[in-house]
Every structure is written in C-alpha cells, then in structure tokens.
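Here chain A shows up in two complexes: once beside chain B, once beside chain C.
This part shows the complex of A and B:
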C-alpha cells in the first residue's frame, strides 16, 4: 500500500521542500490556533486555578478575601483528604465535605466502568451475533435495537427513575419493597441497569461492524475441517473481532469514567452513586479553585486509563493483525 | 477486504483515543472554569450612592397567576416616569438564576441594579461585597415587617436586603383522621396508630438527599432548640443536646415506621402526591401544595386542613423560604434602587405580592379577610412564619447544606448514629469553605 503513494510520479509536483512545508503550516495554522484557544486556554487556566486557594472569610469583617497561592493544597485536599478547620489547622475531612468523598467517588466510578463495560461487551457481542445472522425482519431488528441509544441520556435517566420508584414498575413486577433510588447497592444497581440498557446497542453495532468484515469462506473452510460451533467462535470470530471489540471497549470505558447524568438525575446527591464527575459539579458550586484541582486529577486519571488501554490492549490488537498478515 | 477495514480500524484507534482524551480534558476544563471567584469590591459600595435614573430589576421567572412582579413594576413606573424600572426575567431554575447573578457580579456589571436573591444566597452575596449594606443613609425601616424574613436578609449584624416575600412550611393533616391538628411531635406520633388502622402512612416530609432534606432536618433541629452556625456565619453551633434530640425525633419516626419506608425518596412532588392521593395522614409541605390538595382530582379534597408545623412543646420552627431584594454594589442609580426597595416592602406592594400567592413579609396582610377567603391557609402560615427560623445564614451555604444533608441521611438510613451524625455536621460546618 505504502509503495503506491504518488510522491514520485512526476517531477513537476516536486516543489521546494521548505516552501511546501511552510505553506502547509500556513494552512494548518488557523486550525492549530483555534485548538490552542479552545482546548489549550481552558486547560491552562484550570491548571493555574488549581494552585490557588478558594476565597475565604476574613473573620474581622465577615467579608470574602482572596485565598492566594495554595501550593498543592487543593490536591492534597482531594488525594490525602485534608481539610482546614476554623482554627486553620489541617485535619482529615469529615463526612459531608467533598474532600472525604474523593476516593469513594473514584471507587464508584471505576466500579461502574468495569461492571457496565463488561456487561455491555458481553451482551453487545450476543446481540451482534444474532443481528449478524440472516433472517426475516433483520433490518427492523437492527433499527429497533438502536432506540435506547437514540434517546437522550437525561430522558433515559428520568425513564428509569420512574421505573425504579417505590411504587414503580420494577417493584411491582418483582413484588419487592426496595427504595431503589436511595439505598446504596440498589441505587448502584439501578444506575448500572440504566447505563447498560442505554449503551449496549452502541456496543452491539460496533461489534456487528467488526463481524461483518469477517469473510464467510473462513467459516466454511473451518466447517469442512470439522470445527464445532464453539471452536469456530473461539478460534475465528474472537481473534478477528478483537480489534473492533477493543475500540468499542476503549470508547465505552472513557465514557463510563466520565459518567455524570445517570447518577445525578436518578439518585440525586446520593453518596453511594457519587462519581468523580458529580463530585466536580458539586464542588464547583462552593469552590471553583478546588474544583479545578479535582478536574485536573480526574483528567489525569482518565488519561492514564486511556493510555494503558491504548498501549496495552491497542498494541495487542495491532499485533494480532500483523500476525494475521504474516499468516496470509 | 477484511484486512483493509481491520487496518483502517487500527489506524483510527490512536487518533480516536487522543480525541477521547481531549474531549475529557475539555469537559473537565469547562466544568472547572464555570465560575471563578473574585475579590471583594468594597470601593463599589461607596460609589453612586445618590445616582438616580432608570434601573433594572432582576428576578427568576414570574410564575404567579396574577403576574405579581409585573403589577409591582407597572405601579411603580406609573408613579415614577423618570426612574422607570425594567424587569429582567431570568429562567425559572434557581441554579441558573444564581449562575446568572454570579456572572454579572463577578464582571462588576452595572446593568443589574436590584436583584432578587433566594434566602440562602443573601449571605454569600453580602460577604462577596456584591450587594449594598442597608445601613446609615441606606437604612430601611423594617420595624413593621415579620422578623424572621428580616433575619434572613441580615448577615453579620447588617441588613443587606429588603425581604420581598417569604415562605414557610405547613403541616397538612387529614381532618377525618385527626380532628385537631397536633401541636407537638410527640402528639403527632401518638396519633400514628390511626393512620396504621387506615392502612396509610403517618407522616412524611421531603427526605430525599437534596436541599429539601436540609430544610426538613433544620426544621426539626430548630424546633428542639438547636441551631447550626453562630452569628458570624462560620462558627458551628450544632453539636448540642437540643440538636441531637431534634434529629433523634426524626430518625425515631422513620425507624418506628411512623414514616413510610419510601419517604427517604420523597421530594416535593412525591410527598404532595402521596398526600393528595390519600396515602398520608400528615405531610410537611409548602403553601403551594394547598391548591393541589384542594383540587377536584385530589382524594382528600374536603378532608384536609393546614396547621403550623409541630414542635417540641408547641408550634415548631419552619424553615424560611422566599426572596430578598438587594441593591447591586455596581449599580449606577443606587438612590432610585433604594426607593424601589422601600416600595417593595410597602403595604400596597405587599398586597400585590400576597394576591399572587407569595406569602407577604407584612403581618397585617395575613389578617385581610378577602385574602383569607381566597387562601384559607394564611392564618396558619402567619403562625408558621412568626416562629420560623432562616436557613443557616452563612456565606458557605452550599457546603453547610451538604454537611447537614449527608449526615442526616446517614442517620435516617441507620448507617450512622445520631450522635455521630450531629458531630459530623459540626465538623462539616467547621471545614466548610476548605
């Protein structure tokens, strides 16, 4: 593929290299500038803010005064759960103070991410296998499956909130008396169900796209060789599907780590379902600078996860393809 | 064919990850820069004190049937052709109103002259130096007003706003089951077996983990003589036997099934729904629930009454709602703005306010027979407001409210003892703003 690149087709196309690069840069410059303004500025500003103290009260006047430099104070507030009491001493943050909730929120966020993404990948794979088969009404099924994905998340959250109400459908169908939206584990369960319902179709479609490109003749050859259905799935479908599956998992993991709307709407300010994002929003009401620090921490966390996924799993996916190419 | 699309997948993998990371960065950055703090503006407070001219009044969407705010302004404008007031109507969402106000104040913008502040915002705006202290030449006469609303507009011993309208909690009760409304918590709880006989819940308020839980917790703690912060708006005062007794009362009621199990998920609509569909004997609610409870669709249409909230030995302590009108420190026409505040608390203006269904800050309005005929809850509301307590007046209201909510919720769920919860509130208030 690479050798076909039309660089050396005619001498006319060969201009002065530096001039060409300069012109290229000229064309790209507006976009880069826009990116710096749109992406760079807020990030840099957030970083600067995160090293400043939130405004505090001057006891003698009762008026707010600027907090000044905080050093890493805002970061230790979250990471080490350190708060300042009215005497100015550093104490460990009590319940009800955002600082005490950081690690719990990280735990909840990662728990949601791991559980929802695994469920979505598994169920999505199953749905894709079914949708990949040829049968009557397949087009209709494929369209219908997309409905949960098409509904705005806020609406989804409301919908499930109603279903999980005390006198809602869920309790009636199962004859239970659980107050889903305020009890710890039931509330987490409710959020997970809603998230899986909403995003499994997305997963299924991405996986389906991966399935569609596996050539039928490979299966037929395997069948001729006497491979069982399980062997065909495990030795043909899974390896060939892996790259598509990994992209889908990567996407969803990033999304899940930023989860905000479902818990915020379905369960209000409940501690048991507080994710990092809901904590950021909550904190930004009382202190913009400490909220900035939390945002930066969140960003680094998500970045680290993305990096690990791309480096670890992504490289793996690439190797699989290269192995395939060699095999061909 | 297969290889081609697989390799295109590979080549998009990394850019997509970068895209995802970038959008994560954008999301977090926008959240963080949503609002930033600014220094206090003591200079602005001493400027433009004698300025006269047209001004702008800013308030959330006017949802009264009578268009009370428009009426107020029309009447003023008719009398003051040279100092007309323009109504800048904000969204009906309280958080959006607050964000809008904060942004204008941070920018020191002079286009908002008089702003309507929800009661708990007042202290923060005062401490930021965003609103004019109403003292010395800016003093207004509040001696004829109900004192709790005045207290809600007072920070650090100084009045910062004119109470525009107030609001108080009421006990809605089933007349058919409880001919006489209970005056105390003990009395109310002793009536609960009747509710059980009827197969309905006894009492509910708004106990879901949100602002309503702060209000309900504050009411019961205040009713038993507890408080949250000292007059400086910072020193915590909640760790007292009185506050513990108050919270214990609420927790016991929940534990002993005097409140339905689902009460912990109730916000205003759910509790109102439970009462109007006949599933509750007592409900703590705002006057705005009166209309729905008396509507034709209500199962308790002619079977309910309203009373002040129950307390320890008598009438309880309602948490105050309502709005205060304050002058922006950055206004150019502060003299006009001051006249407008005085007008807002006048007898005439307060009648317009009351007719719009917004509880007035003037005691006399509650005794108007014509209004009582239209709003039969007025006498009970008057008693309720007279013994009401403002929400903790503190510039760190958000953090204080959260400390109250989280701890009270843990106590109700039984994951924390009442003692621990109260101690937690104390510590939470102590570290609020850090």
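This part shows the complex of A and C:
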C-alpha cells in the first residue's frame, strides 16, 4: 500500500494519517467511482432520454423531425397504451403496436417469476436436503449439480430449443406431439423448464449453506423430546432456514424479473413468451427514447418487488449475510 | 480457514446398529442423489451425444451416441457459413479476461475494506454495491448503445467490457469480501509484532493466504462475463461477437429450415467443456464463493 506511512521497524503503531473512516472510503472509492460510470451515468441518461420524443416523421407535416420534449408521453404510451394517430391525436394503441403489448409482457414476466422461483425453491430445498446427507460420492454430486449453472445461458437456450423440437427427445420420451417453441403455452413452459433446470442447483446450494448453520443439538433435543421427522422439519428446519431461504428467493426473483436470454433465443419473437426485457430490446431497435421509458418502468417495477420482499418478508440480504458470516 | 461449512452433514448420523429403517433411509438418499445427478448431467450429456452424431441422424433418440462423426465440430468452425466460431471463442476469452482483470484490480481493495475495517457508512457501501448487482442490465442497454455509437466504440471490445463491469464488479467485491473475512488476520498482527513491516506482513503472510480466494473469484467473474448475452448482442459486430452471440445466431433465423443443431451442439460442447473442467477442479471453492457471495451471474 503506497499510501502507508514510511516503513519503520519499531513495533509501535503509528497513528494513521487519515481517520479510519476516511481511509476505508478511500479503499472503496475506485469501486464506487466505476459503478457511477457504468451504472449511474447510463441510468441518468436513460431517465433524460425517456422524457424525449423519438425522432420520426411528423404525421401532420410529413417532415422528419428530431423529437423534442415528450413530457410523460413515453410513459403513458406504455402504462396507458396511448399512441398518437395520424392526426396527432392521442388514441389507444392498435393491436401489434409495442404499447399494446406492455401489460401482456408484464403479466408474462410475473408469471415466469412466480412459477420459476416457487419451483426452484421447492425442488432446491429437496436437493439441498439430499446434498446435505453424508454418503459416498457427495463431492461428485455437488460438482455435477454445478454443470447446469456453468453452461452459458445462450448455450442452455439452444440445447433446450433442440430438445423441445417436434422430433426432439422431450416429445419422444413423453410420447407427445407438441410444437413446444412455437405454440403459446407450451413455449412458456419450455422456457420455465429450461430456467428451472439451469438455476435450481444454484438455489439448492444457497439453501444448503443455510441448512448447515442450523446447530446440530437443536435436532438432538427435539429427537429426545419425541418429535417426528416431519415435525422436526416444519418446526425446526423451516423457521431456522427462513432467513437464508428468503435471501435465495430475493436473489432469484430479481433475476427472474429481468429474464431475457432464454425466451429471446429459445422462442425468438414469440408474443407468448415476451418478457419486459425482450420488449425493451425489441423497442430499442425502433425508438430509443420510448425504450428508455420502458426500461425505467422495468427498473421501478423490479425495485418495488425488491422493496416488498425486503420490507414485507424481512429478506435483508446484507444483514443476513453478515450474520451468517459471524456465525462461522 | 473454514472454507467449507458445506462439508458438514446437515444431520450427523447418530451411531447405532444398522437397522432396516436406516438401510431404507440410506436407500432413499441414494435414490435422491441419483435423481439429482441425472438432473445435472442428462441435458449436458444429450448435448455431447448430439454433437457426436451424424447430422442426418440428429433426431435419433438412442441414449448413447450412434453414427459417430466429428463432422459437426468441423462445421462449427467452418467460416464459409457466415459464422466464425473460432474467432468468437477468442473474443469471449478477450472480453472475459479483460473484465475479470479490471474487476479484480478495483474490487480487491474495496473487498479488503469491507471485510477488515469497521467504518461509518459500511452498510451504505455494501448496500449500494449489492443494489448495483441486482440492477436490470436492460436499463443500461439503450443509453450505452447510443453513447458507444456516438463515441465510435460500437463493435469494439471496450463496448462489451465496460458494461460487463456493471455486474461483474459488485459480484467480485461481494465474494472477495466474504472470503477475506474468513482469513486469519491475527497472523498479520503476529508478523508485525515479530518485526515485519506492514507491507512485508501483507506481502509475505496475507497475500499467499488470500491468493486462492482471489483465484476462485477470478474464475467466477470470468464465467459471469462469458455468460453475458443481452449487451453483447446489441453492442458487438460480427468480428467481435463473443460465443454466446455466435451460438444464439448460429444457423440464422431461417424460418422453416431446421437450424444446424449438430453444429450448434458441437459449438456448445466446445464452450462448455473448459467451464465444466474448471467446475470439477475447483468445485469446493466455487460453491463456497457462490454461497458466500450469494450473487448469481
């Protein structure tokens, strides 16, 4: 550390030149600065862009115009499905326009989030219970479970797209004739299955870490008192596991709400699997400013959900991790 | 170094003679383990099997490879088909390595401060960093696209490396600080008392102890950076497209025609094998990094 006082062989401690807090902030400053540049700046710019009109043909004059201030026009476009018609009047968006797809995309996003996170939490809990047991080959099992996590999502998407083909292995194994990646509901479930396959192991590992900080003697005491395995699970494991489980659910929910790679690659432009993120990317090709408004709405939605999870359920990620760290 | 809480069993078995009940329980555990194993391996196995199968028999469903050929691997690297997979591999390594290097360079100091020092505003800092990692990357997409087009960076490597920092850096800080907080820092104090300078104590005692943690974090950061698709898809040109973009667009969007799945699975296998080897080699540390950081890529 160059900023340290000149080296001295005396074991006596030198008083720091700066206060401890100031020095600590100096250490974290580069990270905060970098995040201001790569996160803060784009967000501010997105907010500014969201209040500007997209460049385009002015319908009343037939001339190409550069935009100008849009007020809340870009927001009402999405939230109230308002479009501007050829006479410059505000009308509700016609079918097929991005504006009319917003609430459907919100619905799909939340549907995906609720279904995937509950499946992942349930199956993940089961996996964690198995992986926590002592048996030969446990290390191998834990390594195997990391493979879905390690495969890049784009590869996962193509792999499941292939398995879900009409002649593919999924239809063959189950004897079905479903056009998985083209029809609405099958496509939704194809995306859900691929996502659950990929991320459940990660969930299982988070839950396993939570399981293992539960002290052993609590179980012993309950056993002595004659509690059945089921009672021990419901009355000891679940309450004590709650903080870790909630953190895992919080992380996964945030992730599921911004789902993009799987639907975008597996089912391409299919409306039935259009999430808010795929709608933003799609919109950014035709109008950057309305896409910015949509991305700000996305951010606020996700923030609201995080807020509800943290405040309502007490899923405090930072403090729970500190607590877990101290427990070690 | 208590790297592995995960190695303790959830329920330590109470010693007692092996009863039928216990045998049944252990049978159930093995059955469960088998299901979990199939979960993790089956789709991956199917990718490898398909990659080895003659493209004419791509929809064969025998559970072992039939009509084995390496044609798919040749096709994957064939540049006459409008894709340059070899180049995409190189691009991913460049983007992943540069992102990892920058994230470690900036992240190590912050992680040290968060793990070792108690200071006013510590929760604020870790909260800020955590919320940055949860930020929907799609919000960054449009402004960055405009900015990089204005700067003439569109299609250059930095146009992908810089946005990657936004989610790799918070993850790096989180994982590193939780590793650091488990290091035996008393050794540093002891070395100082024995007459080592602060810098000597750090370099000779703490740095070697911290090295495995930094290395593990580097692997996790690299995997996260290589995994990125959304921004790379928007910001890369054909020449700088990483593997995720190349694989997503392999075979194009040619409507009715069946994409060249054999070649796609071969490409997927090539990307995945090194990652799988890393995971197998460093399984323990990766798991403790993942669960400590609690941040998914």
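Here is the rule we use: the second predicted complex is superposed on the first by the 273 of 328 C-alpha atoms of A that agree within 3 Å, B and C clash if a C-alpha of one lies under 4 Å from a C-alpha of the other, contacts with A are read in each partner's own complex, and residues count from 1 in each chain.
We take it that a residue touches a chain if its C-beta (ideal position, glycine included) is under 8 Å from a C-beta of that chain, and two chains touch if they have at least 3 such contacts.
Note that the coordinates shown come from a computational prediction; the quantities given were computed from them, not determined experimentally.
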| item | value |
| --- | --- |
| Touching partner for A:183 - first (chain B), second (chain C), both, neither | first |
| Touched partner set for A:146, first chain B, second chain C, both or neither | second |
| Chain C versus chain B, contacts on chain A by residue | C |
| Which of chain B and chain C A:299 touches, first, second, both or neither | both |
| Chain B versus chain C as contact partner of A:239, first or second or both or neither | neither |
| Touching partner for A:270 - first (chain B), second (chain C), both, neither | first |
| Touching partner for A:291 - first (chain B), second (chain C), both, neither | both |
| Partner chain in contact with A:280 - chain B first, chain C second, else both or neither | both |
| Partner chain in contact with A:163 - chain B first, chain C second, else both or neither | second |
| First, second, both or neither for A:199, with chain B first and chain C second | second |
| Footprint overlap on chain A, comparing chain B with chain C | 38-39, 42-43, 45-46, 49, 165, 167, 213-214, 247, 251, 254, 257-258, 268, 277, 280-281, 284, 288, 291-292, 295-296, 298-299, 302, 306, 317-318, 321, 325, 328 |
| Touching residues on chain A, where the partner in the complex is chain C | 1, 4, 7-9, 11, 20-21, 23-25, 27-28, 30-32, 34-35, 37-39, 41-43, 45-46, 49, 126-127, 129-135, 137-155, 157-160, 162-163, 165, 167-169, 172-173, 197, 199-202, 205-206, 208-209, 211-214, 216, 219-220, 247-248, 251-252, 254-255, 257-258, 260-261, 264-265, 268, 276-277, 280-281, 284, 288, 291-292, 295-296, 298-299, 302, 306, 317-318, 321, 325, 328 |
| Touching residues on chain A, where the partner in the complex is chain B | 38-39, 42-43, 45-46, 49-50, 54-57, 59, 62-67, 77, 83-86, 91, 93-99, 165-167, 177, 179, 181-183, 210, 213-215, 240, 243-244, 246-247, 250-251, 254, 257-258, 268-271, 277, 280-282, 284-289, 291-292, 294-296, 298-299, 302-303, 306, 309-310, 314, 317-318, 321, 324-325, 328 |
| Chain A-facing residues of chain C, complex | 2, 5-6, 8-14, 26, 29-30, 32-33, 36-37, 39-41, 43-44, 46-47, 50, 59, 61, 106-107, 109-110, 112-114, 117-123, 125-130, 132, 134-147, 162-163, 165-166, 169-170, 173, 178, 181-182, 192-193, 195, 197-199, 202, 223, 226-227, 229-230, 233-234, 243-245, 247-248, 250, 253, 258, 261, 264-265, 268, 271-272, 275-276, 278-280, 283-284, 286-287, 290-292, 294-296 |
| Chain A-facing residues of chain B, complex | 1-3, 5-7, 9-10, 12-14, 16-17, 20-22, 24-37, 39-40, 42, 127-129, 155-156, 208-210, 232-236, 261-262, 264-265, 267, 270, 395-396, 398-399, 402-407, 409-410, 413, 416, 424-425, 427-428, 430-434 |
